[in-house]
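Next come two complexes, and both contain subunit A; in the first it sits with subunit B, in the second with subunit C.
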Partner chain A sequence: MSARADTVGAHGDSLWSKAFRKFRHDRVGMWSLAVVLAYAIVALGVVLGVWATDWAEVSGPKWSPASVEYWFGTNIIGQDIFARSLYSTRTAFEVGLLVALGATALGALLGAIAGFFSGTWIDELIIWVMGVLDSVPFILLVAAIAYTLQGSPWAMHIAMISTFWIGTARLIRGEVIKLKSLEYVEAAQAIGVNRLMIIFRHILPNTFHILLVQATLSFVAAIKSEVILSFLGLGVKDGMSWGLMISESTFEVLAGFFNNFLAASVLMFGLVMAFNMFSDALQDALDPRTVK
Partner chain B sequence: MNPTPESSDSVLLQVRDLKKYFPVRGGWFRGVQQQLKAVDGISFALHSGRTLGLVGESGCGKSTLGRALLNLHPPTAGDVLLDGLPLAGLSRQALFARRRDMQIIFQDPFASLSPRRTVAQIVREPLDVHRLGTQRERRRRVEELLGVVGLRSNALNRYPHEFSGGQRQRIGIARALALKPRFIVADEPVSALDVSVQSQVLNLIGKLQAELGIAFLFISHDLAVIRHISDEVAVMYLGKFVEHAPAEKIFAAPKHPYTKALLSSIPVPDPANKSPRMVLEGDVPSPMNPPAGCPFHPRCPIATERCRIEVPALRESQTDSEHVVGCYLAT
Partner chain C sequence: MDSAPTSLDPVRASTLYANQLVVNLYDTLYAYKYLQRPYKLRPNLAAAMPKISPDGLTYSIPVKKGVYFADDPAFPGGKGRELTAGDFVYSLKRHFDPSTRPGGAWLWQGRIVGLDEWKQAGSDYSQEVPGLRAIDSHLVQLTLQRPYPQLVDTLALGFSGVVPREAVEYYGREFSINPVGSGPFRLVSYDSSRAVLVPQENYRREPVDLEYEGYDPVTQSRYGVALIDGRIPPFVDRLEVNFIKEGSARWSSFTKSNEIQYAGLPNEQVERVLASIDPVTLKPEYAEKYHMKTALEAGFVYSTFNMDFPEFGYNDNPERARRNHALRCAMIRGFDWESRNESWYSGIGEVFPGIIPPVVPEFDPGLARDSVTYDPEGARALLAEHGWNAESLPVLTYGTTPGPTSRLFFEQFRAWMMRIGYPKDKIILKTYATFGDIVKAWRNSELPFISKGWGLDYPDAENTLQLFYGPNASPGSNDGNYRNPEYDELYRRAGVMLPSPERTELYRRMNQMMIDDCVAITGLSRVGITLWHRNVIALPDRNFVGGRFMYYVDVLEPGAPELEALR
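The block that comes next holds the complex of A and B.
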């Protein structure tokens, strides 16, 4: 063990550089990262106005099949499905990132506070809030929030964050209850580290692997929920998304034209799948206890 | 009452009738149903530079006593005086300042260091929290501490999982020493280590004590370790001290029947030695529902009617005022 430690850590590597090296040797992880990055570049290009600027223009004939001019064909009113798919990638990233960050941060914070003060009124209050939000059907909650926010484009994001944090918070609460009785937390108390610092410096960093998984799960869940909500008319208000594309395609599918539906579904599947595999690989790489 | 021999320096730690009860909740409205009496009326004094060895079976309250002394578990009742100043009822800031004088070393070297912090961060944290010295001085002090516990400075930027159990225990000791404490609770610091590594860590603790004059409360269930390191020994049973005396006296002539049974369990490496072993029947009773009278009477081979009714107080033995025992039948 010590001989091994002497060689492994001789250069004083940080945990991150070690995780990075481990990740680089994970072939599946690297491929899935490449796929996610490709999607991210597409999304970035849309944000910067490099491509898919004409997603809303009616430029071609109705239901044109895939061709050199229209790679994925055109939809029912002659808009370029390829451009719309690219633009939707940006929407997916926007929804996924915002919701994943918001829900994970909120879940980590409230879960850690509940866990650290478990058994007190603070814990009970947080558990009560989680129970109340959990008991409202998701779609109903989105509709209610959308109504209260007067159709704001952020209603969907807020609705997702306000429900997705609960799962994370429950997991973190349990983990914090476990961690706070460990001796290194007692050691910090003996030193005189204040409670906030104990939570944020000693306990939360050790739940990072859970937060990472929860963030990726929230990212994926947000993309999928966006599709359902947009399909129901509760989601994306202005802009384009895979959910809206699938919603549009209902008439087309009945008429035997599948391009719109397939483009949105396959692109969503690719991103969700790659992201899941990427998060698995990242998780393995970041766990300091797994040494391959 | 205090079995500490003539010592010129003053009492560092004075403990008076310390109690730590944990409420046990249950029932429909989660009311307090019972009290778990983990530490039940303990008094002793400890001089600087000396080691009090604390022995007892698992669950007798040894670790709780150690944590109650440091206010990690705030005591239910009683006083802990460090340098004559009480720790109970201090404001958060005042307690924070006192923490510099008292530290703790833990049993499990794999649970006592945060896996995501480097050795430098771990050992430096006490200095940062108490704002001791400049950045540069803190860095130098961390290197110095690692040297004291026998680790090379290339350990600084490494993570705990890269070290062996004994090395990790040294890191924990370096952290405990960072604030130059005068009193350290060592909660079974070698129980989780290999025998070969145990002696290294014990020698390190002994050396530090000799050089720095730190007083130790050394908790262990290993009598050989206790004998090796302690100046005086206290035997704990169900939250109470049952015997407290200088180490050589307690090992030479134990007076309480529980102590006698514990000591007879030490194997003697001599086949000619056929001294009878005293085997205790049964388990330690639940501290939630301790027996009436002497807590040891259900397992005691010599218990009388009186032991079943009255609780014996700790008293000086008839032959030796330094030897304190809590048994009616002991001489």
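The block that comes next holds the complex of A and C.
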């Protein structure tokens, strides 16, 4: 018996190796992955202090146009918009990764428990919690969490994780209900394997393809939400993000200065678009119905 | 207006925004003449200027007869009753009643005989205050502990608006949003986005005497204010005051329709709207549509260290106190006022050393400008000399309100401090949800560093010097909690003097002390550029006349013959 019995294809290859092969032949998927990796390298460079170390400094004149010295120009107080844009990439990845990991892990955990114990009070309780959180408007929930955490820099992350996990949990719950009726799970139960062991060792690994796709979707949603929340003053507290840059640009645009707005919008568009396409390609590659 | 007032109760009219509405809803004994510059007081609710005893301690103020409060359910039968001297006495007492959470008690604290004692005895309104009496129904008598030359100015502030006791008791805590006054307008609706006022039916009918109001045909005729001479204000049927936080939104509302009829020119529109900055002139397409007025603000923006924080201010350890002094001085040298002026005030604000701003007669144009001269090298050297380095520099929490502008102010400050050696992660941003929240934090002495603006209540430098007077420490207006016995002594001495070269000398000595002690990063007086539609007959003022100018506003039909005559 194998925990991955159902993932082995007709030709003996695993679902993963087939998906990898399929993804490699998906040109759009590969290009989008390359773009995402390029952004990731930018973000990593910021984390390692290779570039954009001067994002907080005031180095130039007010509203300087794009030039050799300031590639994207400067903002109203003379900060280099290019450096701030690069730093914002790090923020986007930080928020995206943390929220994607947190929301996916929480969604997987609670979804799997709800699915395994479907029909019991545990399942009902988790479904009720999901319903309650779903019914609170996202922005209000963030505001409430931000207020409760008294300006904590993690308020935004916590708020996103506390809502984004629900979609993942619903999917995982359904998948686990399907999986738990399979023979290998019934066999494990019959020989007395611990329930938690069954959930986490034998069932959950078989939902990994769903989790991967959900994580990429959460990543994109987190980046978009961060921009909205930072624009509204509920997001990034100390640091820089594309949302804050767009927020800064609200009065600059009226003065005819578009650099902040364009830099943040174009970079955000590029990452979100690439990640969405990457996510789609990944979904196609991992879909067992299309894996041949 | 930029922001909605949190309360319309005169005892809490601490902000410019609250004051602008309060003076239209409530009467004050005195007011500044609408058009006269320099500003001059005139009787408003008072029947005449006060009679002052030869020793300068007793003020007898006659109150006009036949003045009625607005009709309101708080009164029997809903009919507003006549305002009496007793109402003024009651209104001033409220500033010394802690339950009203007053914001303006500092104006009269330690000034009026028996008033502080009345507060200490429990603020019992049935008890008389010897220095604050209604001699009869229409005569107020104020007795001072020592001369207070600015007393009459304080009686023109929104803080001294006269309220009826019935309404305060009828509405309780809700009184702050249910104003009942005898002012020219009454409130019909009020929320976070807009206040709607209509003329108050019981308001006294007093025609405008332009000559008395200080009309200057040479400088003011182009605004058409001569058209209101002899007429009885208020002239508008309805006054809508919109609270629009973002300057760009206010500007859009001002230019794109007839939603709002006067607005300040936002910084980001300066290049688009102005033909020249020095002197300030409008481009023809704007001059065609709008009137414009520029004025140096009666106030300034500044930042102060909170001296109660031992990391920056007073410290029991003399050596640390000395080092703290050097730290503050270095931060002052590291603050780039010219860049701030350029970034945010189009470079037309006036940077000056100390806390006596250019608008008051006591301003010293010859004062050394070291404290406003950007000198990052000098700042770094001073820090090194006193043993400050990245490890030893204390964490600075910078409080602000949400919004991109506030945030960029912080970033600009942090960048300058980084240049003198402050580590980025030691300057921490703390965001307060509203302006009211941060004001509360200042009052509770929760922040080590306070950045704010101060609008003078009256045209006398005493009003800015009190910002650093020891007894006014938090929760008073001395947010920096500066306590210098020598300064306080000079303040008290100057406080009883009439304007004179001797008093000016004392003011300037206090100013120098404050500069030498490196208590505050100061200052800059902004130049306000105000525009209003050409069919609006007005001379807007954000200084001492304040919101009272709305009483005199008239709106003509666009294209009216009177308007054509003005062109």
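We take it that the second predicted complex is superposed on the first by the 252 of 292 C-alpha atoms of A that agree within 3 Å, B and C clash if a C-alpha of one lies under 4 Å from a C-alpha of the other, contacts with A are read in each partner's own complex, and residues count from 1 in each chain.
Please note the rule applied: a contact is a pair of C-beta atoms (placed from the backbone, for glycine too) under 8 Å apart; a residue touches a chain by one contact, two chains touch by 3 or more.
Note that the structure is predicted; figures quoted are calculated from it, not measured.
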Which superposed partner A:192 touches (first subunit B, second subunit C, both, neither): first
Touched partner set for A:90, first subunit B, second subunit C, both or neither: neither
Contacts of A:183 with subunit B and subunit C, given as first, second, both or neither: first
Which of subunit B and subunit C A:56 touches, first, second, both or neither: second
Contacts of A:256 with subunit B and subunit C, given as first, second, both or neither: second
First (subunit B), second (subunit C), both or neither touched by A:247: second
Contacts of A:157 with subunit B and subunit C, given as first, second, both or neither: neither
Subunit A contact footprint on subunit B (complex, rising order): 67, 70, 72, 95-96, 99-100, 102-104, 106-108, 111-118, 125-126, 129-130, 154, 156-159, 161-164, 167, 172, 175, 179
Complex contacts: residues of subunit C adjacent to subunit A: 246-248, 251-252, 266-272, 339, 342-344, 402-405, 407-408, 411-412, 414-416, 418-419, 424, 428-431, 433
Residue ranges of subunit A touching subunit B (in the complex, touch as defined): 1-2, 5, 8-10, 12-15, 182-184, 186-193, 197, 202, 205-206, 208, 288-289
Subunit C-facing residues of subunit A, complex: 56-58, 62, 75-79, 147, 151, 233, 237-238, 244, 247-248, 250-252, 254-257
